[in-house]
């Protein structure tokens, strides 16, 4: 008889995911390096003038963040699927969406949060005016959990395919559009001196909605994938 | 509620029912589309501002309407497939998605062509065009996922989940794109929607919309019938339908 | 003997092929059910249905008379499933794997070292699992059986990659489990060295249309 | 009729190219969809025939085997 409570199971799952991820540090670092390299390429492509760079900085950083989220998304469920832990996850006596949210949280902790911390460096490289750094980090802080949750949906849907890479971006990138629009607009409005309060509020609302619904979709997708 | 129907009988019964509808739907579609488009092309008066270029509206607006409508229909089928595990609903996803994708393409193409005389460019980041483009990506995503799996049932379920995720996102994407458009292009006015339309233009438009409704229904029916046959190909009734005499008890 | 597990008219269709239909059986406490059949007959599918990973097209599975669908959580608390894939994290050591796995199984391990010794992994405990052999990884997975309190064990090819000593060890553990009123459902290509009437055999073969 | 002649109707006040391009491509796209549906049905029929032939082959082989076994039994 397995008497573990949902919280005990959730904490065990999260601790194990953390322990595994910390053994494979390159999986954490590579997507971050990817962002830095993409950001470095832009000044080389469009010229280093601060007016152009400052204008496109937010967009570049956000698009790079979206792409790096895709890059790191396979890590979410691929190993669990291959070694059989995904089916054991389904068989745990706890609501699967809760466990899925746990896995999403760990993924965010190791991919989203470092990106937020890295943002000032990217902003510096792209000559984003320093007044906008704070709001850029704030939008990333609100937006990256959404990225983790949405990529989890896509990763769970394609995990049993083995070659999900290109398909995954087709599925996910259209769904990232609202996030991209509102995050960029928030930074933009700060740059032109108006309040970004409304945008941030909207982003926060979207984040709550995503974090509520995405775990349900992830759970359903995992059940389909372990078939 | 569905238990009383034998699972093997469901496919055949649905197939026959759809077969009874198909000629009527096709006839209605042909009639209404022909009348609506013919009237719109030749008998409706020209627009006082846009001249005759506005006639694209008779195909653009219905296509745009049912590109969204088909997505909603697909999402409803997805919900039924996931909650009640009804296989016909799973197949309906595969039947609706290509039709919706083509309607989206039509809306996108006509919109772009219309943009040339209106804005002087083949592609304008207009709100409706942009959201139709994203809708096209969503359709392609559902189709790609559906056919990516070896097991048809797994593919259908995965596509159903994606369709539901998409339908939650479509209004958000739509709103965000319109809002983004107003932010960046305050000068360009979306000319697709007219505040008021004279009756001589509205009547053919409504007929055309009705025609596209029947057309969508007929196309989906045709594909759903194919999909049922494909999944039940090994059953004797399906082979009979396809003109193969099934042999029993060798 | 009380009936632990009951299958009622199970039918499963995978990729358009009927694997089995109208399959019914009972499994009482203290009994083993050995599923036999050629490759692709649907043995694993049947096990996964009983575990709750798959839904049968028709029919139902009952545990202590309770249908699976009614309370899946209770079902998961009473059963233990080990499939083809060992569910061992390649990056973690044997000890860490046991540590996390036992927590997921709701068990506080008093002496993990004792357990490691039982399954013959003592001395290998701090090597990442990916550097161990297939049989050793299998042993990590099967260590779950030595603390499990679950009433029903569902094991898909448990002897794969094990040496004779490992197989003997498993047999001993199975005997204990049955004595304590547990039930066991398994597939295996190896012959079971099992005597007596506790062993039931069920042969499934892909049904022709 | 909003036009005086068919030439004018095709000319569409100078917008003819855009209007007819839109209508032509749209109808073509829908026609492709219809034809694709019809072709799919044909392909399904071919697959059904194939499957039946496979079954017949299998049945014939089984019959042969049975006959051989009988012969052996007789010997």
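For reference, chains read A, B, C and D in written order, and residue numbers begin at 1 within each chain.
The working rule: contacts are C-beta pairs under 8 Å (C-beta built on N, C-alpha and C of every residue); 3 or more make two chains touch, one makes a residue touch a chain.
Because the structure is a prediction, the values reported are computed rather than measured.
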item	value
A-B compared against B-D, more contacting pairs	B-D
Label of the chain whose CA centroid is most distant from the centroid of chain B	C
Interchain centroid distance [CA atoms averaged], chain B/chain C, Å	47
Chain centre separation (chain A, chain B; CA means) in Å	32
Whole-Å gap between the CA centroids of chain B and chain D	20
Residues of chain B engaged with two or more neighbouring chains	151, 153, 233-234
Where chain A touches two or more other chains at once, by residue number	227
Shared-contact residues (touching 2 or more other chains) in chain C	none
Chain D partner contacts - residues on chain B that touch it in the complex	37, 41-46, 51-53, 55-56, 59-60, 63, 98-99, 102, 105-106, 109-110, 113-114, 116-117, 215, 219, 222-223, 226, 229-230, 233-234, 238-239, 242-244, 246-247, 250
For the chain B and chain A complex, residues of the former touching the latter	82, 134, 137-138, 140-141, 144-145, 148-149, 151, 153-154, 157-158, 161-162, 164-166, 168-169, 172-173, 175-177, 179-180, 183
Complex contact set, residues of chain A against chain C	1-4, 8-9, 12-13, 15-16, 19-20, 23-24, 79, 82-85, 87-88, 90-94, 226-227
Contacting residues of chain D [partner chain B, same complex]	1-3, 9, 12-16, 18-19, 21-23, 25-26, 29-30, 32-34, 36-37, 40-41, 44-45, 47-49, 51-52, 55-56, 59, 62-63
Residues of chain A that touch chain B when the two form their complex	153, 157-158, 160-161, 167, 170-171, 173-175, 177-178, 181-182, 185, 206, 213, 217, 220-221, 224-225, 227
